[in-house]
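Both complexes shown next keep chain A, but they swap its partner, so chain B is in the first and chain C is in the second.
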Partner chain A sequence: MKNKNMPSYIIAIILAVIFIYPLYILILIAFEPISLTFDRLYPYQLPFIFTLKNFEASIKDLSLIKPVIRSIIVAFTVGILAIALATPAGYGLNKLAARFSNKIIMLMFVVNMMPAIVIAIPISVYFIKVGLYNNIFGIALAQELVVLPISVFIMLGGFRALPQDIENQAMVDGASIFHSFRNVILPLIKIPLLISFLLAWMTSWDEFTYAVIISPVNPTFPVSLYDYVSRGEPFIASSFALLVTIPVIVIVVVLQKYLKGEYLSGGMKI
Partner chain B sequence: MHRYRNYRYMVYVLPALAYVAVLSFFPAASVVFYSFKTPRGVYSISNYEAISKAGLLTSIGNTVIVSFGALLIQLFFAILIANILIKSLKGNKLFSTIFILPYGISTVVSAFIFSLIFSPVGGFANSTLYSLGIHSVDWYSTKYSSMGVVMFADFWKNTPLVALILMGGMSTIPPSLNEAASVDGAGSLRRFIHITLPNLAPFIAIALLIRGVSEFNIFALPLILIGYHPSLINTLVYEYFIYSSTTYYSYAAASVLLAIIVVFAFIIIKFGGAKQYEK
Partner chain C sequence: MKYKLELVDLEKSFSNKKVLDKLNLKVIDGEFLVVLGPSGEGKSTLLRTIVGIENLDSGKIIVNGTDVTFKPPNKRNIAMVFQNYALYPNMTAYENIAFPLKMARTDRNSIRSKVDQVAKLLNIEPQLNINVTRLSGGQQQRVAIARALVRDPALFLLDEPLSNLDARVRYTSRQELKRLQKELSHTFVYVTHDQVEASNLADRVAVLHNGVIEQIGPYNELYEKPNTQWVGDFIGTYPMNFIPGDLMGYPDSTIGFRTRWVSEGNDITAKVTLIENSEGNYFVHCKTGDSDIVIRTDTKYNVDDTISFGLERFNIYKNGVLEEIKSGNSVASSGINDVDN
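The block that comes next holds the complex of A and B.
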């Protein structure tokens, strides 16, 4: 029995090392003195010498705090907007005939397949005119396109899972539309709401194409990280690269149970 | 009456639909329209002629190589991972957490890490080789090695996603199938070829198509790792957008990209997607 599983273990461990190594490097450059990493032709990888100097230096450098704050605002805006648009859409699609709602979902996924750069360039030209260029809300509005189809799909799934008559029953019992939504439906769609919000938040936190084209002067964190790398000053950004990664890793590990292929594959069901 | 009640619910869907139409279809259409306009205000195909002389075909070729290469690597390792995780091995919870981690690292941070690992001077990969007593390598010395670096970074970042999709597929295969074949004397390789693969095929198709579209749109990784050379379609569009005096060339290149994706999306809906949306 033991021998039978040996090959699996060996492959799993080799793959685990490949998957963890880049993360180890990310932690290493954040905590090891620069004299041992960036300043050397052959940087040290072991032993690990711990210092907080890099963190102190990057926190003093205000030029990176602003992009991180922008990223946070944009990610929350995208998440809230996703819920605000996708909840009614999911509700409505659930009531429509299936062949009709399936067509609409499909249409939204076709939109999702459109290359971001193709849409971002004309949008940026348009945003210059209306004052949304170099503006965090301009980024949020554009990034919403990436997350909206998946949010609608998740919310539709949430509403489909509800018992059909639950709304009518609440109405019969005398609840107003508002009350039946707040007290009966909302508690039942909490999980889909949370998943769409977090996925939208994560996608925005990660998004680069729209951000770099629509707001190059007031960049979000991914764009300013790119700026530092292309200017050849990666060490300043190294501790921040780790900092911005932590919340997303936490979300992924928490959501692991819900991160089914179905959501991630863009809602294509098999 | 019933029909009327049904369509009334369109009202709830309209905001999301309008959002997508205004911010996506309209801009995409305008890209195609203006791609035929020249700086002198005449409509012709001269922009397309100019960019194809400037190496558009090479970019398309490079993008195809990177996309297919990265897809094959991802698929191979995703099948491997799904095969391991589906067994109830001790420590599988830990392995599945490790294998999903790259999904949580943002694309730009991944590109940043790999740019440090594969840096020709002071890179961590070379430092590892050095401590093993092997000569340093210039990872960007040829066009193909540069694209290899992009593919490797892409493999690392996106294999978890493919593995998750395939895991979903594997869990639909009844264990009794494998047990029966095992009793009949089929080895693990034969069981994989004759039971797992055929049952997994639709999931593999979906994963390939979904990732295929994203692979073709690959942008941040190559931009950070290899810059504009060798160029991929997306970095080419961006280069025209940033460095040329008019937007028309970038519009023309973007239209080519759009055309490729539309054809690809059409294939998905025609052969893979339409069935999948039936409830």
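The block that comes next holds the complex of A and C.
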């Protein structure tokens, strides 16, 4: 057994190192004095001195607070909008024969394969006209484009997983469509709803292309972080980046429980 | 006669497959009607159109004298037990049973007393506060039936509610169901492909075939006087035996007889192909001409024996439809025992 699993463990460890190393460097930069990191040609790879100075500096520098708040509003808007749109869409698609609904879902994903930049520019032109340019709801709407296909896919999977005839039974038992949805269906799609919301939230949280094109003047956090790095204040940026990575780590831990499950199969039998 | 349910010329197709083809049926107040038919014949579709979760192509559905054809399921005053129970998995047994009452805005106290009452009736009181997904198949089935019985609708539809249970539980559940229906004097339309269930439960059996009710009546009547050869073939543990009419002097027709309608004589000569022994009787499979037949005897024959026997009664079919019933002096006992064998 042990010998058999050995290669996969080695591969897993290599992959983990590749993915964790940047995070490690981020932590080093955030907690080490600049003299040991940026001021050296070959920065130390191991922690020597622990300091909270960078954190103090970044929190004092209020100019990054606003983008963070903006990002939070945008992320929640994108998340809520995602489930508000994907729930009825998934419900409706589930009523179609699978060969139709699968094709529609496929179409949604294919359309989304177009590079964001190609879509972002015409959208921003239009948004200028309707007053959504440089507006956080403009960003949210544009980012919705990115998250909606996967949200619909997950919700469709949730509806497909519902026990057969449960909704019919509710109707026969005297429930209106509203009551059957609220009392019977909603409690059974909580997990797909949670996954859709969190994935949408996370996607929005670090989305860059739409954000920078649609709202360059009132940027979201990833955009202003980029400004900081390019302006040469990466140590403040690192400690801030670390702060905003924390919610993402929490979300990933929550999602991990479900990511391997049937929820991402869209209810399709493979 | 007061009818609880009248179905008039129901038509229903899926893509281009016709499932119900101008089906007519009348269900009497307080009766236990079993709709019997092979799988895929459209039994579930029939119930689903009656309750309104499947749309009709044409036809009329009348419940308690009111035309409900265009009413939604929640306005039809019909309770239904689905084949797979369709219990609400996020709820306890109690919440499942209480659901229809909650939807009808019944007040909390009468919900509790009604649920307790029906739970007592079905022996599921100890399970009331358990989530339904943790109950056994038999208990789930009781919860599903309780959820229907807790209401007082005009009509109950049951779609093979016992088919997922093992033999023992199925037997006892059958008895209880029949008792409940009579005690509460409810009207039941019960769908099954199982003849034993039909013969044990039904006041009347309606045989569904090719989208219509091919014959309706008490089980014995269907067994002894099937209107068509198809019904004769379908009803009974052994299909009705069919031989060419020429053998008995009825040209252009077919003779049908049951395994036990044989007597001493030499109307028919046949060659034994297989013997089955069942509780003291021998079921002898044999071949006469091109026809395979089964007769019940007390004598032990051997394979390849040539035997001859007479018929004490038989039905004459022309073009598959019953034409005449010929019975001798001693009409055989009811066929129901055959089914139990």
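One rule holds in what follows: the second predicted complex is superposed on the first by the 238 of 270 C-alpha atoms of A that agree within 3 Å, B and C clash if a C-alpha of one lies under 4 Å from a C-alpha of the other, contacts with A are read in each partner's own complex, and residues count from 1 in each chain.
Definition applied: a residue touches a chain if its C-beta (ideal position, glycine included) is under 8 Å from a C-beta of that chain, and two chains touch if they have at least 3 such contacts.
A quick note: this is a predicted structure, and the numbers were derived from the prediction, not measured.
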| item | value |
| --- | --- |
| Which superposed partner A:Q169 touches (first chain B, second chain C, both, neither) | second |
| Contacts of A:L194 with chain B and chain C, given as first, second, both or neither | neither |
| Superposition-derived comparison: chain B or chain C, residues of chain A touched | B |
| Which superposed partner A:A142 touches (first chain B, second chain C, both, neither) | first |
| Which superposed partner A:L225 touches (first chain B, second chain C, both, neither) | first |
| Which of chain B and chain C A:I59 touches, first, second, both or neither | neither |
| Which superposed partner A:L243 touches (first chain B, second chain C, both, neither) | neither |
| Residues of chain A contacting chain B in one complex and chain C in the other | none |
| Of all residues in chain C, those that touch chain A in their complex | 48, 51-53, 72-74, 78-80, 82, 84, 86-90, 99-100, 102-104, 147, 151 |
| Chain B residues within the chain A interface of the complex | 6-7, 9-13, 15-17, 19-20, 23-25, 27-28, 30-31, 34, 77, 80-81, 83-84, 87, 89, 95-117, 121-124, 126-128, 130-131, 156, 161, 164-169, 172, 202-203, 206-207, 210, 213, 216-217, 219-220, 223-224, 227, 234, 237-238, 241, 247, 250-251, 254-255, 257-258, 261, 264-265, 268-269, 272-274, 276-279 |
| Residue ranges of chain A touching chain C (in the complex, touch as defined) | 163-166, 168-176, 179, 183-184, 187-188 |
| In the complex, chain A residues that touch chain B | 5, 8-9, 11-12, 15-16, 18-20, 22-23, 25-26, 29, 38, 40-45, 85-86, 88-89, 91-93, 95-98, 102, 104-111, 113-119, 121-123, 125-126, 141-142, 144-145, 148-149, 152, 160, 202, 205-206, 208-209, 213, 222-223, 225-226, 229-230, 234, 237, 241, 244-245, 248-249, 251-253, 256, 259-262, 264-266, 268-270 |
